[in-house]
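Lettered A, B, C and D in written order, each chain numbered from 1.
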Amino acid sequence: MTASPRPFLLGPNQYGKAEIRVLKTTRDGATHHVRDLNVSVALAGDMDAVHYDGSNAGVLPTDTAKNTVFAFARRHGIESPERFGIELARHFTTTQDSLHRARIRIEEYAWERTGDTGHSFVRAGRETRLAQVTCEGGDVEVLSGLTGMTVMNTTDSEFTGYVKDAYTTLPEDRDRILATAVTAWWRHRETNGAAPGPGWDDSYMAARTHLLDAFAGTYSLSLQQTLYRMGAHVLELGDGIDEIRLSLPNKHHFRLDLTPFDLSNEAAEGAVYFAADRPYGLIEATVLRAGAAALIPADLANL
Amino acid sequence: MTASPRPFLLGPNQYGKAEIRVLKTTRDGATHHVRDLNVSVALAGDMDAVHYDGSNAGVLPTDTAKNTVFAFARRHGIESPERFGIELARHFTTTQDSLHRARIRIEEYAWERTGDTGHSFVRAGRETRLAQVTCEGGDVEVLSGLTGMTVMNTTDSEFTGYVKDAYTTLPEDRDRILATAVTAWWRHRETNGAAPGPGWDDSYMAARTHLLDAFAGTYSLSLQQTLYRMGAHVLELGDGIDEIRLSLPNKHHFRLDLTPFDLSNEAAEGAVYFAADRPYGLIEATVLRAGAAALIPADLANL
Amino acid sequence: MTASPRPFLLGPNQYGKAEIRVLKTTRDGATHHVRDLNVSVALAGDMDAVHYDGSNAGVLPTDTAKNTVFAFARRHGIESPERFGIELARHFTTTQDSLHRARIRIEEYAWERTGDTGHSFVRAGRETRLAQVTCEGGDVEVLSGLTGMTVMNTTDSEFTGYVKDAYTTLPEDRDRILATAVTAWWRHRETNGAAPGPGWDDSYMAARTHLLDAFAGTYSLSLQQTLYRMGAHVLELGDGIDEIRLSLPNKHHFRLDLTPFDLSNEAAEGAVYFAADRPYGLIEATVLRAGAAALIPADLANL
Amino acid sequence: MTASPRPFLLGPNQYGKAEIRVLKTTRDGATHHVRDLNVSVALAGDMDAVHYDGSNAGVLPTDTAKNTVFAFARRHGIESPERFGIELARHFTTTQDSLHRARIRIEEYAWERTGDTGHSFVRAGRETRLAQVTCEGGDVEVLSGLTGMTVMNTTDSEFTGYVKDAYTTLPEDRDRILATAVTAWWRHRETNGAAPGPGWDDSYMAARTHLLDAFAGTYSLSLQQTLYRMGAHVLELGDGIDEIRLSLPNKHHFRLDLTPFDLSNEAAEGAVYFAADRPYGLIEATVLRAGAAALIPADLANL
């Protein structure tokens, strides 16, 4: 870093290696297990010199971050995305003086067994599991989440009583389809990285179930109401979760007017719908345990 | 068509509406059912005039094809993709003199039930079901298929004994991961559109199972061998299937050399692999019942 | 291959390495040049043994195909995608007895110069250049093409006089937007791989210009008519091109009805349009020089 | 909002319509002009009731937001993305008591003229222009940006002198390729929505040029250094820009080892490179005018 006054200053920054695709197998006799991750490492710290002058003296190469992910998978195994992220984040922030913060983001792809060989799998496509671990100054923040869980209720959804202005043409609907592709991130209460009671994997599976149950069980007057119920259900039944943020695109299914073809098309009869791509409604909100702070960034929900 | 000699002539052609996204619900009391399709209609016939002179006198608009899909879903329901495709293909070729051939391609997205409401669903992501129906001169050809079924064996795969030339550096491997994303199309024996014995849906589910079973059950010396076994298994156990074409990208999982980090990484120990994107091996082949003709186009497998 | 009668037989097949991403630089003093390709190699020949029995004795590994692409780029340079494909296809079919046919498909991404360094480039995004070379039994077939060239006329397009049936609701339109994303493949007259008069690069640039000129210059009564004019223009002005196949999705731009907001929205006034995603019209046809055969596969246009 | 104490509370939230695809034409005699946008509207305000109880009394439908975008395009035209966003954001926050904040995000796709008709266009693919306007309490914040501008220097880039730890295997490189796909957002000094001196369009074109010039003109010791120079160049030469955030994926081009094939492959000779997909380095930073605050969110750069 130079001493002269600069007209333009370095602001918030981070660097790292993104989308490291690692598969770890475990053999338990003839029964194999797999964890299939996509890991992104973002590091921050004393980085003035490299930005201002191109000095790499404080820069751990992103190629090294990649090697570390692979080596840690072999050395420590992958017990869960959250645990793996905690190990990596602590490693980077405790072994390099120039690195003060490490954020590990992980996507996990699920595989189901097929056949009876013990080593054959078919990829389950229902959703992608997410985790984000941030280490800074000894503190560990753990977020878990999921994306791409597409759900639909074919009834028990209406949308009425809304504001009408000069640009409103939408007719009220008392029996519509409600469908969305859930992205959710939830924040675990600060425990310095210790797993919640049920462990990271069971905690994830429980949250996933609570989201599905609340979606299915809510008679919906608006997607906002459904979102709140989904979030509150996770906070209520989950173990040590303080905050959840949901991003719910409204995957519109428009009931068609088939009267030009002498056909009725009422919901109660079993209607035909056009599944539209764009534009789409997008509902985003955080739900908090009373007393908890809103720490999940607004745009994180869309990642 | 004009009478004057033309230096440039119209060759094979078709037109239609692609990717009509239609959802059909059915209500059986509180229990709802859904079929969620993406339908593409391609029509061909006497189309010289519109290409040479812009006369639309023989052109049924693609917008009409779209309306027809929606109206047929309401009028006839969607019993299966194949049945729906047959109804549509027959309609176009029997109601318009200018249309001699209709090809209907359908993708179906599967939904599973969630909760106990009877009307709540979560999209199953494992694969996309495919169907293609072609009607021409009264004949009906039906193909069924699937795409995006990603499978993996974590052992019982080797690759040895291959040709070595001046550009070969690949070491032989006696314990590798074999993973692929299956695209398959199979052709039903000509029955003028009648369903196979078990019905279209059960026939599909059986073929899917046979593909999975053969993949899991084969000790693989090459992906070509696995492909052949998958195809032969569908022909052997399926009902009235004469031909199958498979397109299998080799989703490479490279076992990493971790010796720079003083780590072994043997398959038998539970190794770490890098899941590569590109380039990838691509193995494509047709398997035929003896005496059957190879009618599925080579590039169809990639659609 | 075994001698015993088999109930299921191997049909048409090929294998190879897909999407080999290779960048070749050339330095001419301070002025650098780049060719940026995505190369896919597909090989076919005596492949019964590997499918039936897993014997790789006739299999050149796909990894070797990859190495060959990289080595050839260094040894011979990349003069053009077509020339590079010819060299590769000939190599595979003349050096391995088991390989009878090689098909090389290439995408090329264009870069434009930026700044005055001679070594700085910005990627041009307008379209992707395509080439396909097939060698079999000493014959060489060369196709050139492009994909992703999106064009639009904001007037001089109408659609009227079409068939109306019971499912037709589309109003006639005498001033509509015509937009499409062009995919085109054209076949060079057999010359055993010799370049056309202007050379492969200039021949490509000319065909690209002819497609644009015909699109812009045609008062369109239908997208089919525009397609034919585009194809005929390439055949008419190109050098040694016998056949062209075009695939033109109709990128619908729907003029909106704004009367609920007391707004007119006539084309002549400068209208507002909704750019729709799906469904879309899809017009596909081959145009042939009189006497030439239609050899480009129907589905090739969509690759 | 209800009066009873709730265990779970609504945190930050917004809702709206995303990805409204609108094309506006303007006719100036035979010369037509087009603006082609993808507009996303996000609204926030008094939304407790709809989340807690499903009351839509304060909810302007997202369908109305869509209608408003189309009607405003017709009524006011689209002078620039920024101007259009300001008009929309002000409309929503000044006409509905329940709406306190509106954020309009816009992507613009560029079209170039082709032919001499005045109404024929080809889509330019080099990058997507971005704008984001946020109105809250009468204040207007305007960000401009771009994404997908892919650039490459084939020399004048090195990477040496970095930290080596136990996981570092990367060799130093004094002549490497530097390539990246630029995403940039820059913030205009608060002017209550007035355009900068040159107007929004010229301001955008200037910033785009400054980014390219700095990328091309920098001898790079690290991508971080290049990033800083790009940002500082925009702040230095732009008019009224206080802050810029850049997200630069390192699009790795690995120089191949061709010695197994008896080939050298030195950069100076015109080398062959493998263009890798994943993983990739990712460098993100904000550059600020001295005294300015860092207001662009960290993850905005990735949208």
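In the analysis below, contacts are C-beta pairs under 8 Å (C-beta built on N, C-alpha and C of every residue); 3 or more make two chains touch, one makes a residue touch a chain.
Listed by chain with UniProt protein names: A, B, C, D = Uricase.
In this text the structure is predicted, and so the values were computed from the model without any measurement.
S.K.: Please identify each chain that touches subunit B as well as subunit C.
M.R.: Intersection of subunit B and subunit C contact lists gives A, D.
S.K.: With contacts defined as at the top, give the pair, A-D or A-C, that has more of them.
M.R.: Between the chain pairs A-D and A-C, A-D carries more contacts.
S.K.: Cα centroid separation between subunit A and subunit C, in whole Å?
M.R.: Spacing between the chain centres: roughly 38 Å.
S.K.: Centroid from C-alpha atoms only, then distance subunit A to subunit B, rounded to Å. What do you get?
M.R.: 31
S.K.: Measure off the straight-line distance from the CA centroid of subunit A to the CA centroid of subunit D, and report it in whole Å.
M.R.: Roughly 22 Å separates the two chain centres.
S.K.: Among the residues of subunit C, which ones contact at least 2 other chains?
M.R.: If we look for residues of subunit C contacting two or more partner chains, we find 21, 67, 71, 167, 169, 260-261, 277-278.
S.K.: Of all residues in subunit D, which touch subunit B in the complex?
M.R.: Per the touch definition, subunit D meets subunit B at residues 166-167, 169, 260-261, 277-278.
S.K.: Spell out the part of subunit C that touches subunit D in their complex, as residue ranges.
M.R.: Listed in rising order, the residues are 21-27, 32, 34, 36, 67, 70-71, 73-75, 77, 111, 114-117, 119-127, 148-156, 177, 212-213, 215-217, 253, 256, 258, 260-261, 263, 265, 267-277.
S.K.: Name, in rising order, each residue of subunit C that touches subunit B in their complex.
M.R.: The touching residues are 5-21, 40, 42, 47, 50-64, 66-68, 71, 95-96, 98, 159-165, 167-170, 220-222, 224-225, 227-228, 231-232, 235-236, 243, 245, 249-250, 278-290, 294, 297-300, 302-303.
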